[in-house]
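Only one structure is covered here, and it is reproduced in the block below.
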Amino acid sequence: MVVADDFLFQGLNKAGNTSNQLGSFVTPVNVNQLEGLNTLGVSMARLDFAPYGINPPHTHPRATEAFLLVEGTLYVGFVTSNPADPAQKNKLFTKYLYPGDVFVFPQGLIHFQFNVGKTNAVAFASFGSQNPGTITVANAVFGSDPKINPDVLAKAFQVEKNIIDYLQAQFWSNYN
Amino acid sequence: MVVADDFLFQGLNKAGNTSNQLGSFVTPVNVNQLEGLNTLGVSMARLDFAPYGINPPHTHPRATEAFLLVEGTLYVGFVTSNPADPAQKNKLFTKYLYPGDVFVFPQGLIHFQFNVGKTNAVAFASFGSQNPGTITVANAVFGSDPKINPDVLAKAFQVEKNIIDYLQAQFWSNYN
Amino acid sequence: MVVADDFLFQGLNKAGNTSNQLGSFVTPVNVNQLEGLNTLGVSMARLDFAPYGINPPHTHPRATEAFLLVEGTLYVGFVTSNPADPAQKNKLFTKYLYPGDVFVFPQGLIHFQFNVGKTNAVAFASFGSQNPGTITVANAVFGSDPKINPDVLAKAFQVEKNIIDYLQAQFWSNYN
Amino acid sequence: MVVADDFLFQGLNKAGNTSNQLGSFVTPVNVNQLEGLNTLGVSMARLDFAPYGINPPHTHPRATEAFLLVEGTLYVGFVTSNPADPAQKNKLFTKYLYPGDVFVFPQGLIHFQFNVGKTNAVAFASFGSQNPGTITVANAVFGSDPKINPDVLAKAFQVEKNIIDYLQAQFWSNYN
Amino acid sequence: MVVADDFLFQGLNKAGNTSNQLGSFVTPVNVNQLEGLNTLGVSMARLDFAPYGINPPHTHPRATEAFLLVEGTLYVGFVTSNPADPAQKNKLFTKYLYPGDVFVFPQGLIHFQFNVGKTNAVAFASFGSQNPGTITVANAVFGSDPKINPDVLAKAFQVEKNIIDYLQAQFWSNYN
Amino acid sequence: MVVADDFLFQGLNKAGNTSNQLGSFVTPVNVNQLEGLNTLGVSMARLDFAPYGINPPHTHPRATEAFLLVEGTLYVGFVTSNPADPAQKNKLFTKYLYPGDVFVFPQGLIHFQFNVGKTNAVAFASFGSQNPGTITVANAVFGSDPKINPDVLAKAFQVEKNIIDYLQAQFWSNYN
């Protein structure tokens, strides 16, 4: 028996708790929180940023994100996929965003948002999937359970193993 | 040559002009306004409501809408499709929305939002299509160009033809 | 255990009973009636029209309709979605159809069929979905259960409330 | 500039010419004949059968077919795909169809219709694609241009090569 | 509880047993053998050919095949769908393949591979579906259970019925 | 004018040149190299690994990969997306692969392959997209053009900025 409440989620006016190492918090409103989105191909999220807070480099494997800044100032960017010509580079596209700006992060590309202002920032994100998924690069690469073999990462990142040890020793939070 | 500005739309912090008969205004941010959304399956809109303003019954033929109220109070609803059993009725689902509420309007269903408060209301909508389309029932049925034959509508709505004449004589605006 | 009867529906040669206020009847053959259509993306319907019978303005939220007239004469039409430029109008496309004519009603657009002849009319419809859904505008807007608040509709249709009361007082049948 | 005629196809009330070796004729109404179907995921066809006429074993690579018999009597069938267990067989599902019967031929499966009555038969088909495609098995296997190497076919059909020569020597018409 | 083994299939280095009438064997790795492919839209197969072995004319109703030859020499081909103009023919595209060659068999088209060398041949196939399905033309047309009525096939293939009897009398194996 | 060569790619039997910092090379066979794959939803690649060579952590934004090892021994793994419960961790799934093993890397997830043997390794990959795309994490995060602001990355990875400077100073090759 379907009722109107199945299509309602409450509380997106509440700021997320940004008292963490990243200084940011994401409040998702996807099919896990709002059952009425099932099979319907769209979802949302609220993003809160303390001053200098960051939503670190991550991807959404199943959706593009349209990102609306409503408060504060953010420096945002995404990097294109590997170029066909190896002499080329992965291109970085960045913008400073101000309230009222909408920016597009295409499906699957690595992107980030960084609060460069001295005040909080608030944004709302729209996703073209009921469950876009999020893969935070640092968490997946350096903070998985169990850890990825450090020899693998040293080779992959072309650095000394002690750098990898150092990176893996950080506390990798899964706030977003 | 793609540049970062191709992925940016500016100005969604500006209130739409609600000085019209409906007392509402929709500012779309779909692929027509933001080229970077092309092929990416998502779009947005800002909705402004004056006191007692209405976004009249309409459908989006190509997308579900996740609707976030950020300011004011709205009475919203949608009606389900024709029931398999003709003895049943088309069901109306309604809610009063307050800031922070997200409500789902499933793809293709007729829905509306009505400002029941004495203050302005502001909402942001997310759509699971780069170009969801909007069909405002009153405009399409009574305000098309040319007009639908009034005999057709009198029969369809099971009323006297003069009621249809009256309805067609209104000025049907296409604000949203 | 799948058997051949799972792929068979019988009786589409029988005329639907058009002895109702609209003078029309739709006999659907979608996944609800023919289980073998499940996951296969197509369905059908038979439409019967008494003289002056109407299939009133409606939409199919999940499929385009290819409509084949096999008997009689119909006046049919659909209205395009809201124009990007508000100075434009929703355009009405109409045709008189004769036996052997196939007409396309694109997904989600409001359309109607009206029997302008003095004889019965019969048509077969093809839909690109196993379950296209039907939203009859008059039923959904004026005949839902419960009723939409008449203040909402008066504002939406820009008419006096007593017109809405009159419209809502009609008996809204769900034949199609 | 789109006009109403873009959505109209005329003439499906005309019987196809069945004076050919197969005794059948298919009149397609897909995007090649009716431009207004473009991107809309549905199409139709009319099928005419002389007494003992056949629409020979074929597949539609891009759509399921819902098949409505409106006149005459047909013996129809389809064969399921290769079984996971080689000790099983490809199953044949058949039905005798009478006017008003709708039968489903799932996407990609080999199927046929055979007029077992002494009168003409007429059917209308609905497809869940704007361009379903048709691959007539006999034409593709024995009547291609150039011919498939007869050694290949002799091995494939596990018969003497002279049987293949005989089959390839027939005139393979492409009526449907 | 998902574990790494859910994403693993072992044994595709083992040659299939080609001691059968066709002289070929297909080892599938689709969702039936490898559960971790569920919902993920891709699958594989290994194909082994004895000298003069054949993978007889067949179609995959739900996927295109990218076919990589790693050992031996094959003569391969596919036939296009029925032409719009009946004066045209179904076109046959063929190639001799050598190790390292990748050939594309488009979705739903009839295709075959024939070992023209004196040594074994080995290939790996990629499919754009978790379960592409296979319809072997000879098995489906002449070896179904129950048999297709020979009158139907005689008419369809435009040959004497005794040819059909002969073809149906063969043992139709379902190795692939 | 379509010809058979449009469906053919040659040379996947040739080892890629692994004389680079990663000790691996990917030879793609997607729609950019093989035009006949257009619209057909599948593609392939060959992967070569020198001893201790690595295909570093990367994602494919538009396809799942079925990975077949044909020679050598690899240690492979992928990491799941962010958990719903932040107290959980991103889970790492790993396997040692031997010739004949097929492993699945689900769409969008970060994964890697590492040659743990003393001999070369060779694999073939199947993708459920004509153009799966590849995003190598290290290249996108530390080797983009222009560089991502090191303050952003220091915060994101929760390390001192000199670590980021060191990482960004490496030569980031785009071999794969």
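Each chain carries a letter (A, B, C, D, E and F) given by its place in the written order, and its residues are counted from 1.
By our rule, a contact is a pair of C-beta atoms (placed from the backbone, for glycine too) under 8 Å apart; a residue touches a chain by one contact, two chains touch by 3 or more.
The model shown is predicted, which means the values in this text are computed figures rather than measured ones.
K.L.:
By the touch criterion stated at the start, how many steps lie between subunit A and subunit D on the shortest route?
P.N.:
3
K.L.:
With chain centres defined as C-alpha means, what is the inter-centre distance between subunit A and subunit C in Å?
P.N.:
44
K.L.:
Just how far, in Å, is the C-alpha centre of subunit F from the one of subunit C?
P.N.:
51
K.L.:
Give me the residue numbers in subunit B that touch at least two other chains, ranges are fine.
P.N.:
107
K.L.:
Which category does the touching pattern between chains fall into here: line, ring, star, complete, or other?
P.N.:
Basically the chains close up into a ring.
K.L.:
Could you give the sequence of chains met when travelling the ring from subunit A by way of subunit F?
P.N.:
Beginning with subunit A, then subunit F, the ring reads A, F, E, D, C, B.
K.L.:
In their complex, what parts of subunit D are in touch with subunit E?
P.N.:
Residue list for subunit D touching subunit E: 21-23, 32, 52, 54, 56-62, 75, 77, 79, 81-84, 86, 88-92, 107-110, 112, 114, 133-149, 151-153, 155-159, 163, 166-167, 170-176.
K.L.:
Touching residues of subunit C toward subunit D in the complex: what are they?
P.N.:
Interface residues on the subunit C side: 2-5, 7-14, 29, 34, 36-37, 40-44, 63-66, 68, 70, 93-95, 98-107, 124, 126-129.
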